[in-house]
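One chain, chain A, appears in both complexes that follow, with chain B as partner in the first and chain C in the second.
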Partner chain A sequence: MNQSISNPKKQLEPGTNPLFNWLNRHAGLVFILPSVIIVLALSIFPLIISAYLSLSRLKFVQGGLEIKFVGFANFRKLLLGSERKHFRGDLGVLSIWQWLFVALVVALLIYLLSRYIRSQEFKIGGLIYRIVVFSILSWGSYYLMQNLSSDGRPGTVVVTLIYVFVGLFFQYFIGLSLALITTQKLPGRRFFRTIFLLPMMITPVGIGYTFRMLTDTSKGPFKPILRAFGLEEYSWVSDPWGARWAVVIGDVWQWTPFVFIILLAAIEGLPNELFEAAHVDGANRWQIFWNITMPQIIPVSATIILIRMIEAFKIIDLPNVLTFGGPGTATESLTLQSFFNWRTLDVGGSAAIGYMLMFISLFIATSYANLIYQKLRRF
Partner chain B sequence: MFKSRGFDKPSVFSQLMSYLVLLFWSFVVLFPIYWVFTTSLKLPFQVDSGPYYIPFIDYKPSLESWKYILVDLRVDTLRPFYNTVVVSVVSSVLALIIGATAAYGLTRFQYRPRLSGIFLFIALVAIIMLGSSFGVPWYLMLIVGIVLFFFLLGPLMKRFPKALGNNDIAFWLISQRILPPIVVVIPIYVMFQQLKLLDTQAALIITYMAVNLPIVVWLLRDYFVNIPLELEESARVDGASPYRVFWSIVLPLAVPGLVATFLFVLVFAWNEYLLALFLSKANAQTMPLLVAAQNNTRGPQWWYMSVYILIMIIPVIILAILLERYISRGLLVGAVKG
Partner chain C sequence: MKKLLALLATLIMGAAFAQYDGVEINIVTFTGPQIAEPLQRHGAEFAAATGAKVNVITVPFSDLYQQILTDAATGTNSYDGYLFAPQWMVDYIVPGYLEDLTPRVEADSALDWEDVGPFFRDFSATYDGKIYTIPLDGDFQMVYYRTDVLDELGMEPPATWDDYLAIAAAADGKDMNGDGEADYGSCIGKARNNQGYWFITSIASAWIQSQGTSQGAFFDTETLEPLVKNAGFQKALEFYVASTEFGPPDELNLGVGDTRGLWTAGRCALTLDWGDIGTLAISEGSQVNGKTGAVILPGSTEVWNRETGALETCNDELCPYHVGGINHAPFAAFGGWSGAVNAAASDEKKDAVYALFSYMNQPAQSNADVTVGATGMNPYRTSQFENNQAWLDAGMSQEAADSYLGAIKDSLNSPNMVLDLRIPQNQRYQQIVLDTALAQLLAGEIDTEEAMEQIYDGWQEITDEIGRDDQLAAYRATLGVER
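Let's look at the complex of A and B:
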């Protein structure tokens, strides 16, 4: 291999072949073009066509497709029409605690806004952007509470958000704790870290069935424990919140390793001198964690959270296999709802749900990236 | 890589607590896998008559289910397995090659795509789509579009020279990950239907490659940034073409990153469910579909299902154990620089 590098002119002979010359001069273009074309062909064009589909009603007729433009009818059906309860859930009346929660969120957002106004980086565009995002977030928290109130019922939007954020919360904290423990000087930690990696490799479909086996109250392994607590008759799958928790637990089980392994590598990559200096100064382990480890791994954490958030919005396999979206529609994620619509040949409705999912995840991901991620990366 | 902090020797008590936590989480991780394994060794009546935990002590294990799946249903099992292997390996290799070239290009060349050119492109695409939806033949529109593009490109670029940079391209490529596959899968389905590629391995390979491309670009870009330029420059002085430099110098130096990226992408393709659900039926069925299809009218047959799950996860678990050190390194590079 090295031979050919040190003596490459034998094969090259510039100037003899015009095609070869052209390729050499435009190497940059040749390197990047395949990726650009693939992304254009398989992401951007489908995205545009999907937008058109979401505005139309589509039928598979003999020998092809029949597309009829219907405007925003599909979206109207989702947001205001017959699919409303499915998509948005039932809206109940808030209890006093839930009002308190909404008030707390609004107060926090107003506080953040006032801090931004007084800060150095104040710009009028940034202010408008923040006001828009914060209003949507306030409304979102009110809406969430309406869904969660005693006479409300979460629709697929809120269910998806629950999967994303509850899952992310547990994944991050379990992953971080395990990473901190495993970086200690403990014999056998190599073994543990290999073990902890495994769930990430297992197909979500398999995990869905495995957890169905485990949560089976009549034949599952936890039957004696459940019996001891008198919960033998309790059925996960027929209780909406039980079923949702089962999905969240499956998701946490699978994706904690992802957080764990990156944080582990990040903590191990920190320079030893920092810790030695702190140790010499007499800092205890808790102080070392808060003042040295944590600030150093916050940038990495910000990225991990962004990645997991983006990926988690796409969840479908686990609820589909574990609960079939049931009981009723209690565990349906947006992707699953979209898939069910596709199966009943409501292609326009399916595309509309896909687009709603994209809008929601895009809004949350960009808000996070612009308002939080940038700050955390600068730590 | 696995250095530890010698000064920070934990006390006996905290060591004990740490081990307790680690053992607990090991149990959480391993028990489901263990349960699948023992269930695969059970007979139907042993599953139905309540939980038995330990083979040979609780119950007499049998290889009946394994025999049924691997011998009696040989063809029905092997075809999806073969499909999965072919689709995931080929798509991952392609994604790795194409993504690596893009990542290399983004770190070594200056791109200045003009905004005016991009807008021209978008406008022409919109015109073509609008025109064809009003009944003008699409090939006519396409020819007109291409001609217009090359005529207008030069003047427009001179008039409006504002351009984007490498980071914008990289962001654009990587941000494709935000796109939920459900949004794009229906047009892709229609596209493959028109190309008569539905339910073939080719359709899945092409789609998986496109889905995984952003991850490859994201992870490898930072690897290539850290490879010193001197080697490449001296090779260029000796007259090596950019392609040869890439192939013979840069790629060998980036092997750890390539291994990690490959494994990551491979696992994604291996476990992928949604796209396979749309794009394949019987012929190109992959393992996740086979596993998911096991829920039949007689209720789930856990003993067979366990065998299927194990067949699916054993190869990737072996790979993960062998390549564990690469994974964490490879992922971290992307996350730190991101």
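Let's look at the complex of A and C:
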């Protein structure tokens, strides 16, 4: 036995079995092939098929389906045709404050670009990549402000971005706060660790119905409070921003536990010596958090943000159940818009929206991974 | 007595259809409880009598259309029968997914086919001269009013949409059920992705269609240009927005199920709905039993002249079917739930599914079902309009029965009745383009001009995509327009 452990190669001696010999020679292929087949079948193949569908129209004819190639007609409808306002939103005129915001974003991006040029990491390829990304981000901030201007209206693209970034912001900070609280030696902290995890275990549809009851101002639990403030005639799911906030709150409620549990594990895994040394040096709680805890959990935080961001782009259950995407299209995400199209079997239109979502999330996720994530991981 | 009749029918059916022993059938419909409840109940009776096993599968209303289509198109065929909106049938018939039921219906004397209203036999059941569905429900939209509230206000039931708004304004804020809370002048289920998009046609038709059914209220019958960008449709959109002012604060998120609940709770002075309200008003727990009146859809004293493009006062030439100078255009919205058989099912399953729908349609069952609000089934047999004893037995007062059946009869007999859209992919025109624009209008995201533009462009886009000539031919065929 000791011999087989100390000399494993001898144990794997091929001998005379030809099958064993073949497997031994192609071990790499044999081990990786099942995964490749599964990925191809479940991911790459549907991606190619849906790319074709996004360029096609589906028709039910005698005996089956007729798929007609229509080029970029489905994308044209979204970007320039009858769906353009639904998808892109209404583009209004910017106020002075909004111009100021765009100017600040552009100035920040130029500053980051100049810093990169002066840094030792500078490469021509990196510069071109950053110029492209920063140009798109500058245009994106302008487009965002056009949607949010007084005569503008967010389309499904901006509504999705609101869900992703506003939701992520609150999920991270509430999750971090809860993780910090439950690492303190407080009574009942084990109990609350379990309680804080519960929302994540509930199905999104269940959460949608729960929040639908909570936001029902005519029968819901907040009716007496609203009445006390003379707001019995107000329905926050009939108000575009009220409804968007209802969805964001539901999403934050559901996904904060995910951030909480990972940060809790990260904080609990930090070496105790650092904190003891800081105490000995007379650091206060804020200094300990800011200079010791935070830098150590930044790599984990970067990963959480990336995972949650990719996941958040796909939000559908909550706005579908809570508001049916309404009032109007105020709470409709890109996935929900795609689902609505699919439901009437406009499969081409649905696939085109899916691809637009993929382009947007891919751009944001890769930009984050290349420009921010790598830096944060090095902390 | 009703139970005895049902038992008798079950026993007779048992003798007739005992050959279904061991046959398992799957029927899909929407979640209900309307429609799904009577299907489950009669399914159990049918199973007990024939030995068949009936599985009822329910899906949300907004998913039903594609569930049926994808199930049949992919060859999955997990459903042997469908209970759906007959206006969708064209999308299922053309690819060959529905069984031609003509021979079965012709050989089925228990069905008493001639007693099914001619409109339902023609529009809900027949396509291209063949019978594909068995009607189980008759659908017209009407306006319901609170008789006690109108008496108190000294106002007459609404004859025009302007009257409707005037009554809603006068009644709004009054306590109509004695609970000390202010109630609503008007309740209309306007939620998106629900059944709300039918209401706008009920309203707009008064201004748009005045020359009889064959004139059509959705498209021009020569060019298939959408009739949604004109002064008549604008009036309807303005009404739709204005009525929200007198509705519940969350009306934009209320479906018809919600507004029906508000109605039976006595919280609304007016509502726009299918025939269900009339029977729900007499159901257990209703606070409006004996206080619910019904009228044919209100009309307009002005109509849109398609030649001049202007709104003009009704006269004998412009509105040949006017009543006292008011053009009414009752809308046969939806057409009524109807049952169909999957053409790909085995012969014994086809027979069993047909037998179940036939059983549900037969007078012994349907005469009882249409008087119960919870079933979601409204009258569709001629005998059900002619003899109102069943309604009186169910608890309706003579006055309420006359009002309710009278409103349906007036709608059914109107030569200016508006037929629902039954062209290929009508779901996309209505449930996506129309519904989305209406929701955006109500939410204040767009104004009436933009809404009209959006619906017009969207409908044109779909028509061009599918093929204008084919769509035009289908539309004209639905309206019975000869070239």
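Structural remarks
Everything that follows uses one rule, which is that the second predicted complex is superposed on the first by the 348 of 379 C-alpha atoms of A that agree within 3 Å, B and C clash if a C-alpha of one lies under 4 Å from a C-alpha of the other, contacts with A are read in each partner's own complex, and residues count from 1 in each chain.
Note that a contact is a pair of C-beta atoms (placed from the backbone, for glycine too) under 8 Å apart; a residue touches a chain by one contact, two chains touch by 3 or more.
Only a predicted model underlies this, so the values are computations on that prediction, with no experimental measurement involved.
Touch criterion met: A:213 reaches chain B, while chain C stays clear of it.
In the overlay built on the shared chain, the residue A:24 is in contact with chain B alone; chain C does not reach it. Within the superposed three-chain model, A:94 lies out of touch with both chain B and chain C [touch as defined at top].
Of the two partner chains, chain B is the only one that A:182 touches; chain C does not reach it. Of the two partner chains placed around the shared chain by superposition, chain B is the only one that A:196 touches, whereas chain C remains out of contact.
Contacts of A:329 after superposition: chain C is touched, whereas chain B is not reached. Using the contact criterion defined above for the overlaid structures, shared-chain residue A:61 touches chain C, although it does not reach chain B. In the superposed pair of complexes, A:223 makes contact with chain B only, with no contact to chain C.
Ranking chain B and chain C by residues of chain A touched puts B first. Of the two partner chains, chain B and chain C are each touched by A:342. Residues 65, 218, 342 of chain A are contacted both by chain B in one complex and by chain C in the other. Within the complex formed with chain B, the residues of chain A that make contact are 1-2, 4-9, 12, 14, 23-24, 27-28, 30-32, 34-36, 38-39, 41-43, 45-50, 52-53, 65, 174, 177-178, 181-186, 189-190, 192-214, 218-224, 253, 258, 261-262, 264-266, 268-269, 272, 275-276, 279, 285, 299-300, 303-304, 306-307, 310-311, 313-314, 316-317, 320-321, 334-335, 338-339, 342, 347, 350-351, 353-355, 357-358, 361-362, 365, 377. Residues 1-10, 15, 18-19, 21-22, 25-26, 28-33, 35-36, 39, 47-48, 50-51, 53, 98-99, 101-102, 104-106, 108-111, 125, 129, 169, 172-173, 176-188, 190-191, 206-207, 209-211, 213-214, 217, 235, 238-244, 246, 248-249, 252, 267, 270-271, 273-274, 277-278, 287-288, 291-292, 294-295, 300, 302, 305-306, 309, 312-313, 316-317, 319-321, 324, 327-329, 331-332, 334-336, 338 of chain B touch chain A in their complex. By the touch rule above, chain A contacts chain C in their complex via residues 57, 59-65, 73, 77, 81-83, 85-86, 90, 153, 216-218, 232-235, 237-238, 240, 323-330, 340-346.
By the touch criterion given at the top, residues 62-63, 65-66, 69-70, 73, 91, 94-96, 191-194, 248-253, 425, 427-428, 431-433, 436, 439-446, 454, 457-458, 461, 465-466 of chain C touch chain A in their complex.
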